[in-house]
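Below, each structure is written out as structure tokens.
Note that chain A is present in both complexes that follow, paired respectively with chain B and with chain C.
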Partner chain A sequence: MANVKLTIDSIAVEVPEGTTILQAAKSLNINIPTLCYHEDQKVKANCRICVVEVNGQKLLQTACSFPVADGMTVVTNSPRVIRARRNTLELILAHHPLDCLTCQKNNSCELQNIAKELNMSKPVRYEVASRNLPIDSSSPSIVHDPNKCIVCGRCLEVCNEVQTVGVLAKEGRSFDVVVNPPYGKVFADTACVNCGQCMQVCPVGALTIHDDTTDIYMAQEAGKTLAVQVAPSVRTTIAEALGEEPGTVSTGRLVTALKRLGFHYVFDTDFSADLTIMEEGNELLHRLNTGGVLPMITSCCPAWVKFCETFYPQYVKHLSSAKSPQQMFGAVIKTFFAERNQIDPQSLFSVSVMPCTAKKYECKRYEMNDSGYQDVDVALTVQELAWMIRTAGIDFKTLPETPFDSPFGLGSGAGEIFAATGGVMEAALRTVYEVVTGQTLESLDFHAVRGVEGLKEAEVNLAGTIVKVAVVHTLSQARAIMERVAAGTADYHFIEVMACPGGCIGGAGNPIRSWKKVLRRTASVYDVDRKLPVRKSHENKEVRVLYQDYLGAPLSEKSEHLLHTKYINRQDILRL
Partner chain B sequence: MKQEIYSHTTSQSALVRVAEISARYRNRPDKLMDVILAVQKVVPSMAEDVAAVIAREMGLMQNEVYSFITFYGLLSVKEKGKYIIRMCNNAPCHVRGARAVMDAISDTLKIGVGETTQDRRFTVELCPCLGICDVSPAIMINDKTYGNLTYDSTQALIKRYIREDV
Partner chain C sequence: MKEMRVLLQNQGKENMSDAAVYIENGGYEGLKKALEMEGWDVIQTLKDAGLRGRGGAGFPSWLKLKFAYDTQSEDKYIVCNADEGEPGTNKDRVLLSCDPHSILEGMAIAGKAVGARKGYIYLRAEYPQIVPIITHAIETAKQAGALGENIFGSGFEFQISIRSGAGAYVCGEETALFESIEGRRGEPRFRPPYPGIQGLFGKPTVLNNVETLANMSHILRNGVEWYQNIGTPTSHGTKLFTVIGNVAQRGVYEFPMGINLKELIFDVCGGVADGKGLLAVQTGGASGAIINPFQIDIPLDIDHISASGGRLGCGTIFVIDDSNCVLDIVRNNIEFFSHESCGKCVPCREGTRRMYDLIQKICAGNGTVKDMLTIRDLAETVRSSALCGLGHSSVVPVISAMDNFPEVFESHLDGDYCEKCHMQRRVMKHG
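Right, the complex of A and B next:
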């Protein structure tokens, strides 16, 4: 591609043809404010905050969409440009409730940032007309405040194109436009799978996390015994949520922080991820040996499970019956652990910290009470935990390190890589291979299933049987592979599906994502795996003890009862 | 409240017609307007079940169909009467006696703007200029326009509709 020469604010620059003014300016470290633009999405050019002067153009042009041309002269900060941006901002603010102080996005809101950048220190000159619509907190995962929506359309792109769920719609026109679930519905009445990806891209406080932190304080005050499990991803994103570099691993500090927050037992979900592999791996072997339903598909992502139940209910028999690590842990804590430590399960409050908003919904599914109680009482996201740490005045950066508590404090590298797309598959292969062949794996790294391609495929030779596997992430990819399953052309034995782009490490409970950040987090995940002494689930000593002392064996009656679940048909929500 | 307005169900036979109409334009999103105009003749409103059938048959997403419908003032997701009376709301009609026309409508039907009669036969709405200011004041009932109206002629007109004499 040819290069183009232009000047921006009198600085000459040479960039490839097709670059936008915004990108060219960025290469010169000139910051043009943006609002509807998102680095991982299509150009929308509907907010007009990014306007610049371009020679030969009478009107100001939007930098995010305007392509550079040879000999172009761009001015990004003339008084005229600044006046126009401020005026646009005032018009947006005239339609926006100014309750920043009590907004979840306070300090992380893109609109607020722009107001700061544009030095908006005077009241808005227009009459403020708020929409006065009700706030929808019907979803266990997401709170929707349509009054704060600036109609940028980012959530629509994610939900329609990346996830193909289609929960939200632009409604009405002109001044009355609002983004809402169609037909006056609330989130709980839609096909929303709770993945939270819409919330991750919302620049303002229109889509936020359903904050459950109060429940923790209440349980504490009620004198409950608090047990918390921490998902694989959390150790690589909690530090980021508290202002450190993306990809900073902080396992030991995380445990210390949780102890200081008053959790009596701090356990590692890597442990139950290993448990999941034992159950799921054996289920796969069982299906392979007995002519069971194939391909078997992973079931640890609740957003994917709900998607399958809603859009492909006739294929739920392909889902592994194994519960997700969060729910396996929940069931074990209120049974085995409670019995061992002579704690009344009723006084035990089981919490999880997850990279995920769908886990909030998962723990409330009515099947998830095999211990006789709700197995996991509250699922917190990484962001909520970060708020609790801040609120408690804990300086995360300088915390000492503490190991996880026994008996569920040991996780293998296989459990750890659950965080990244392809991780469950790789973890399963490590175990299944050794169980079937009886041989030790030479190289533990299955590179074919790592990486961020939408669909990854691999073949593994298991003592003469070729096992074909596939890994997909995002629900649009899941839909594509399900169409092939439906058509009978998906000749795989095992498929891993994760709803979030990049897997759980890109989940919506984490700090706000971009692909760049997700890649850095992913690198850290594999780094943790490489450094762990035990990297295969079946070699996890504590998992072995649990089977010996309590469960018997994978797929035993007790395991089936506590660690497996069933699925339902949700198609009626689509009114088809 | 919101739920109530929206949750009206369409008859099975009407939905079958909707499916027939929409199926002709499978994977032709550009034909959505044609489909909706045809569908509008067989259903009382673009209710959720109607949008679901259109989406399914045309290979679109339900929320796209919904967005499309709400964008146009003359399409509606809420249930409306069999006859939609649209009263022109612009200046020329106003100066030439729109008030009297409006009064005639509300006196005859006992409903105001934005309302639907209990028997679900009439809905009254305001709309922008109908483009026939030369015969103002004017109204539109479904797809027919009527001009040069007075209180009395409006009342007579509405009564003809009540008797289905149109």
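Right, the complex of A and C next:
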């Protein structure tokens, strides 16, 4: 593409054709304030904060949407522009509850930031109005306060286009326009899969995490024994949530912090990820050998499982019956671990720390009680844990390191890479390959299933049998591949599906994402894997011990009882 | 002053939705000529004729066609904007009812010009009675070979479908109209990309008002010279005017561009009704300027009205008698825009409502000088920053009234009482 020359604030610049004014200004280190703009999303141009003067245009133009042209002259900070931005922002503030101090987004709110940036130091000239709508906390994962919504449209894009779940829509118009589950429904009565990606893009406090931290304090006060498991992603994102650089790995400090928060046992979900691979890998082999339903599809992602149960209920038989690592852990903690340590399971409070908001919903699924109790009592997100650490006055940055507790403190690199899209597939291949061929893998890295492409495919030669696998992330990609499964044109043996863009490391329980951050986190995940002494699930000693002492073998009766689950048809929820 | 009936020449004739009747009256001659021409020559003809859009903005029609002509695409679309939503306006309804083929012909001519094979008529939801008329017109035009696969044996194909709106004013805005046709919520898109490059279904699209398309038929039929001799040097042709309000003879009239506004109201339409005095006139619909009686001695053409701060718009003349209060008219206008804002962009969604609140406050006698300053400040932001024309023009009645009737505003401030719009009447109207 040809380059075009223009001047922005009297500075000459040459940029490729098709660049927007916003991008061109950025290359000159001119930061035009934006609000509805999101670097990973389509341009919306509806907040009108980024307006600039363009020569030849009588009206102000939005820098986010307006393409540069040869000879263009742009002014980004004239009094006229600043006045328009402030007046527009004032209109937003006049229709937004100014209860910042008690808002979950306090200090991480984009509206707050922009008010500061534009030096909005005078009182709003209009009577502050509220929509007076009820707060919807019916979902186990998401709290929706429509009164705080500034109608930027970001969540709409995520819910309808990226995830194709279609729960959120605009209703009404003009001053009364509102973004919500339409027809008066609350989140719990919709097809919402709890992926929480809407919260990740919400610039304000309209969509926030369902805060379950109080449950932890209550369990402590009730004198319960607290056991916590920490998901693979968490060690890579907790430091970021507490202000460190994205991708900072802090496993040891994380364990220390959890101990100081009062958790009696701190375990590693990497361990049960290995357990998942043992069950799921053997299930795949079983299906391959006995002519079972193929392609088999992973079931670690609760958002994906609910999506499948809702939109493709006739294909749930394709889902692996293996539980997710969180739920396997929950079942094992309240049985094997409780017995071993002579703890009454009733007084055992099982907590997980997850990069995920759907895990909150998963642990509350009615069938997740194979231990005789609710297997996992509370699923916390990384963000909630960060709040607890801050509240407890723990200086995370300077903490010493502590190892995980035994017996579930050992995880392999295979368990670790569950965090990234393609990770479950790669972990499964490492084990399945060696189980089937009896040979040791030379290179453990299956690069074909790594990376952020929507659909990744690979073929693996398992002792003469070619196994075709596919990896998808985001539910729009999942929908696309399910349409192929439905049409009978998806000739894969095994498919990995993760609902969140980038996999769990891009999950909504993590600090606010952008693709740039997710890529840095992902790099750290593979780095951890590379440095771990054990990188294959079947070589995890603690997993072996669990099978020897308690479960017997993968797919044994006990394993089936504790580590496998069933799915239901949720299509009814789509009815109005 | 005598009416000059070009567009309305077939008004009153029976069975004009029959293609055969239209052809008997000289119809489809323009299309036949266009079919013998190259696409560019059709555009050149419209350029020479100087046809400008009749929907509101007065944009040169040939330029719109040129944008779509210049863009390479297998599919292109011609869209007829029949979403006549401007309050009080019904010239398009009259035209669609009495001479539907002149619009179909214009669409086919535009299609021939840019190489489009498909056209849509986006019809206002409140005009269901027009649907059978246009449906019949399309069917008979196909039978007569004037529409369809091989028009008059020329090999040119052009099909027309009707799409009905759902009552939103904003869907008269071209990109919101596209969204509506595509089956989505009627919200405007940001520009660029312009419709000529990326319009309906992402394809090059030419959208024209009903009246503009009818003009195309007549220009092609009667020639450039004929057209240039009608109207003023910069605004050619005739214009349909909808004269409404407190005027003796309301209705849709057709005059050459440049007719004097004062003559139109007093000589043609019989002046203010019921022997009352003239208080103000609003030209161009709800988004037009409100002017004083001493300002109405002006020729009605696109440039002249623009130069005086208003706009000819769709040609609606709203006559207001002296039993009304200007502020009440303004309040009604801004309430309309506040209600019809789609809610997509902040300045329009929030700003029109806040302007309404402030005007309402002044109406109730609680306004202050500070509120007046806030209105002006806010209005400038809404005008310059809103996403589409609805927001841009929503402030015109407010600002023009503040400029032209400052004493009315002042007399309402700080608890002063206006006899014409006192509280009781408002409560009855909106209670």
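In this section, the second predicted complex is superposed on the first by the 575 of 576 C-alpha atoms of A that agree within 3 Å, B and C clash if a C-alpha of one lies under 4 Å from a C-alpha of the other, contacts with A are read in each partner's own complex, and residues count from 1 in each chain.
We adopt the following convention: a residue touches a chain if its C-beta (ideal position, glycine included) is under 8 Å from a C-beta of that chain, and two chains touch if they have at least 3 such contacts.
Computed from a predicted structure; not experimentally measured.
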{"item": "Which partner reaches more residues of chain A (counting touched residues only), chain B or chain C", "value": "C"}
{"item": "First (chain B), second (chain C), both or neither touched by A:172", "value": "both"}
{"item": "Chain B versus chain C as contact partner of A:344, first or second or both or neither", "value": "neither"}
{"item": "Contacts of A:221 with chain B and chain C, given as first, second, both or neither", "value": "neither"}
{"item": "Chain B versus chain C as contact partner of A:574, first or second or both or neither", "value": "first"}
{"item": "Which of chain B and chain C A:48 touches, first, second, both or neither", "value": "second"}
{"item": "Partner chain(s) touched by A:160 [first = chain B, second = chain C, both, neither]", "value": "first"}
{"item": "Partner chain(s) touched by A:184 [first = chain B, second = chain C, both, neither]", "value": "first"}
{"item": "Contacts of A:125 with chain B and chain C, given as first, second, both or neither", "value": "second"}
{"item": "Residues on chain A lying within both footprints (that of chain B and that of chain C)", "value": "170, 172-173"}
{"item": "Residue numbers on chain B that touch chain A, as the complex places them", "value": "2-3, 5-7, 47-49, 51-52, 56, 61-64, 66-67, 70-71, 77"}
{"item": "Chain B-touching residues of chain A, taken from the complex the two chains share", "value": "160, 164, 166-173, 181-185, 574-576"}
{"item": "Residue ranges of chain C touching chain A (in the complex, touch as defined)", "value": "168, 185, 190, 192, 338-347, 349-354, 357, 374, 377-378, 380-381, 383-387, 392"}
{"item": "Touch list for chain A against partner chain C, complex", "value": "43, 45-49, 51, 59-60, 62, 65-67, 80, 83-84, 87-88, 91-92, 94-95, 125-127, 150-151, 170, 172-177"}
